[in-house]
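In structure tokens below, several structures.
Two complexes follow with subunit A in common, the first pairing it with subunit B and the second with subunit C.
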Partner chain A sequence: MFSFCTDPATLSDLPWMACYLTTGKHLNFYAAFGTVLLLLAITAPAALAFGFAGAAAARSRFAPLSLLGKTYIAIVRGVPDIAFFLFFVIALDQGIEYLKHQWVCPDWDQPIRQGNDFIVCQAAKVPLGNAAQWVHKTYSFFVAAFTFAIVFGAFAANVLYGAMRAVPRAQLETAEAYGMTHRQTFWRITVPQMWVYALPGLSNLWMVLIKSTPLLFLLGVEDIVYWARELGGSKTPRFTDYPHGDWRMWYFLVLLVFYLAFTRVSEVVLDRIMARLTLGQATTGGDAQRRVQA
Partner chain B sequence: MSCVQTIMDYGLRSLGVGERLLPRSDFTLCQQFTLIGSGLIWNVYFGVIALAAGFFLATALALGKGARPALIRKPSEWFIFVFRGSPLFIQFFFAYFLFLSLKSVHPVFDPFSSAWAGALVVLFFNTAAYSAEIFHGALKSIPRGDVEAADAYGMAGWPRFRRIIWPTMLRLAWPGYTNEAIFLFHATTLVFFSGFPAQGQKGDALYYARYFADQTFNPFISYPILAFYFILLTLAIIGLFGLVNRRLNRHLPPEQRRKIRLRPNLIR
Partner chain C sequence: MKTLILTTAALALSAGMALAQSQTIRMGTEGAYPPYNFLNDKGEVDGFERELGDELCKRAELTCEWVTTDWDGIIPNLVSGNYDTIIAGMSITAERDEVIDFTQNYMPPAASAYAGLNADVDVATGVIAAQATTIQAGHVAASGATLLEFATPEETVASVRNGEADAVFADKDYLVPIVEESGGELTFVGEDVPLGGGIGIGLRESDTELRAKFDAAIQTMKDDGTLNRMIVKWFGEGAATF
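So, the complex of A and B:
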């Protein structure tokens, strides 16, 4: 990175550290923090969308749809999430390959499950065996993001379902008295008012989502945990210009501080949003705000 | 090989008793049920001990957070914040490598670099922090009348705490604490995925479930078995904590009793 980094062995402590922390691998490590933020940026809205769809389905008057929504909410709870993550990634991967296999190789006569192996024709591999490295990486990232969205969608669905039911009954009755249809009542009365009831649950969920991002590591994405293990391990002079002992403890300390700072900032921001949303609402929070102003 | 034979061979495999080699091919359902069930011993071990020990630390931390002197309050608040604000996964990694480095300082730290002690310490601190937050919330919502009645009877200090404040705190916190217990047991599945090595393939339930899924490329059998075991475990916890809940609420009329409700899942 810097011009004086050509021969690290001769450097004193401070420049050595500056060179060490700007090696190509370290830049990858810093980029991995971006991966985490990107995952959050994709997953949070996607999970909210899944959650909204699930909650709306669970409330539906059409029995099969309501059953589907309730099953979705129920299935993801009760099982350790990490097991669900491990399960879902393989299941999704194989599901996609199976469907593509049916599509591109219709005259394949061997069974797909041969004993312990899952075999589809070469053309049905996702991504293709000869695809570039970045395609594989992007694909596994999106599978992971999708898994997160499904799992957190179920939690969000549960929160939103409760929030929709918490909207005061009188509001809905008024809407009915004005002759609004079921659909109109839902979109014009229930949805705008449910957020204040949903926010405590959703902010809790956001915290949980932040804290679950290290699971990316288990899904085979090269995330911050991967790089912290990789970079922290002791290095001998044979293989690197920057030999050092086992520094993994310090790398994980950095991750710990990163997450603590992140949750702390989120806490402050979410408190502000909550204060804004409760403004003028007929809840105890709203009453408390009025009392302070008076 | 009959199923009874399999259970004899692998029933205590997670503790290192019985057959040394794991099954390599032609996995039967019986083998999967037995090995994953055997791994569950570790989940129960971590969960029960961390919960039992964490309960007392949590009570102390909750009181500390509610205390007036900053010298007591601040450390409790920081402890709770550090363990609730960061992922358990990262805590495991950090603790493992911390114990590894401490090992060279003093042999006292030797056992902590293996899961049975090291991961237990992390889970103990973690559940203490989460429970402390629940207890602290309950402590703040103890009805003022209860405390005033105690004052009127001339109770103060330790007797007041032991006979009025503590039982009421537990009664109010119990539904939340039940959920905490359930998710602590779920969290125990993270242990062998976060640095702590499973020496001699002695792992927990998820470790074996993943072993089978990796060997067969088929997640549709071993993970549902794992889920089945965990649902049983969850039901057992709910039953046990429900009994305690009944005892804590026994002086109240039925409609005022606090019911235990399952809350949505939480990852640490």
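So, the complex of A and C:
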């Protein structure tokens, strides 16, 4: 990176550190923080959408839809994350390739399953075998985001399902008395009021989501924990210009600070949202706010 | 999210139709097992297998691309088609041969060795660290010692340094630079143990054509002596050659 980095062995501590911290590997490490933040930025709203759809489906008066919603919540919540991540991602990937295979190679005569092997024609690979590395990386990133959204969506669905039922019955009765239809009551009364009951559960989920990003490496996305382990491991001078001992502690300390800072910021933001949502609600929090204002 | 995935898939589809069907061979490796394979300071795959793989691809006239993956998932990802070869210091064993195929070996059967903090560790009864799902882990489990498994080779050595394990059992080629650079902290314990049928490239069982190409390329490298020179370059004068 810097011009004086050609022979690190001769450098004193400070320039050595400057060179060491700007190697290509370290730049990958810094970029991984961006990957993690981007994943959260995409996954959180997506999971909320899945959760909302799941909860609305589970509450539906149309029995098959309700069953579908409840099955989704029960199955995804019940399967261990790691098993789900390993199984679902490979199944999803093979499913996409299978569909594409049926489309682009209709006259393929060999079986797709040959023993342990899953074989589709070259043109049906997703992404294509000869696609650039970044295409592969982007693809696995979105598969990862999708998987996270499904898993956390199921938990969010359960939280929202409970929150919808926590809206005081009197509110719904009033809506009915005003002649609102079932749909109107749902959108105008239940949904705006449920958030105050959902937020504590959702904020828990958010905190768990922040800390579960190391699962990314299972899906082939190199996250910050992977790089911290790789960079912190002791290095012998034969294979690097920057030999050092076991520095994993320092790298994990950086991660610790990052995660603590991030969860702290989240807490502050969530507290503000909570205060905003409590405004005028028939809850203890809402009462407390009223008394302060009066 | 769904639309994003669909858009990506649609994009990949249309691109697939436009492009000619030239195949890129994706080479899967671990990137954490020097000198076989590791990530260099630039974050690229480097090491004996990088140099060997690039040479083999040149001789077999293939375009190759390197991919790193977790050791635990290295075989499942191969059979489901996420890459086309495993070139990651993987010993040829009967169990693995049932699931995937191997080329002829490009490294002769290499010795595995124990390394510990002092030379009088009893490797038959002590706590021995090894990387999970390796032939070394299988050997330790069968030997009667207490097996302590780790996901990466680096962690197995760290567990000896911090006293969690009495010794680590791994490929000797991996341990030699570590023991030499440790300044006397680590030492080899007991006799070397020959394990496995050498190291080969792992391929899907259905990929017979690709296997034939790599087999032929390895044979030419064995015949003209370049393979031996490469082994000596990365593993030192004492390494076993063909």
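Here, the second predicted complex is superposed on the first by the 286 of 294 C-alpha atoms of A that agree within 3 Å, B and C clash if a C-alpha of one lies under 4 Å from a C-alpha of the other, contacts with A are read in each partner's own complex, and residues count from 1 in each chain.
FYI, a residue touches a chain if its C-beta (ideal position, glycine included) is under 8 Å from a C-beta of that chain, and two chains touch if they have at least 3 such contacts.
In this text the structure is predicted, and so the values were computed from the model without any measurement.
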### Joint occupancy of subunit A by subunit B and subunit C, clash or fit
clash
### Message
With both complexes superposed on chain A, which partner does A:214 reach: first (subunit B), second (subunit C), both or neither?
### Response
first
### Task
For A:71, select first, second, both or neither according to whether it touches subunit B, subunit C, the two together, or no partner.
neither
### Query
Does the superposition put A:263 against subunit B (first), subunit C (second), both, or neither?
first
### Query
So, does A:255 touch the first partner subunit B, the second partner subunit C, both, or neither?
first
### Which of subunit B and subunit C A:289 touches, first, second, both or neither
neither
#### Entry: Comparing the two partners subunit B and subunit C, which touches a greater set of residues in subunit A
C
### Touching partner for A:60 - first (subunit B), second (subunit C), both, neither
neither
### Message
Between subunit B and subunit C, whom does A:225 touch in the aligned arrangement: first, second, both, or neither?
### Response
first
### Message
Is A:90 touching anything from subunit B or subunit C once the two structures are fitted on A? First, second, both or neither.
### Response
both
### Task
Based on the superposed arrangement, let me know which partner A:246 touches: subunit B (first), subunit C (second), both, or neither?
both
### Task
Name the stretch of subunit B, from among 5-13, 59-67, 95-103 or 239-247, that runs into subunit C once the two structures are superposed.
95-103
### Query
Across the two complexes, what residues of subunit A are contacted by subunit B and by subunit C?
86, 90, 94, 116-118, 217-218, 229, 246, 248
### Complex interface listing, subunit C residues touching subunit A
1-2, 4-5, 8-9, 12-13, 15-17, 19, 21-26, 31-32, 34-35, 38-44, 46-47, 63, 65, 67-70, 73, 76-77, 79-82, 84, 99-100, 152, 154, 157-158, 161, 177-178, 180-181, 204-206
### Query
Across the complex, what residues on subunit A touch subunit C?
23-25, 27-28, 42, 46, 49, 86, 90, 93-94, 96-97, 100, 103-104, 114-120, 122-131, 133, 135-136, 138-139, 142-143, 145-146, 149, 217-218, 220, 222, 229-230, 233-234, 236-243, 246, 248
### Query
Can you list the residues on subunit A that touch subunit B in the complex?
76-83, 86-87, 90-91, 94, 113, 116-118, 154-155, 158-159, 208, 210-215, 217-218, 225, 228-229, 232, 246, 248-249, 252-253, 255-256, 259-260, 263-264
### Summary
As the complex stands, subunit B meets subunit A at residues 25, 27, 81-82, 85-91, 93-94, 97-98, 100-101, 186-187, 189-190, 193, 206, 209-210, 213, 215-220, 223, 226-227, 230-231, 234, 262, 264-268
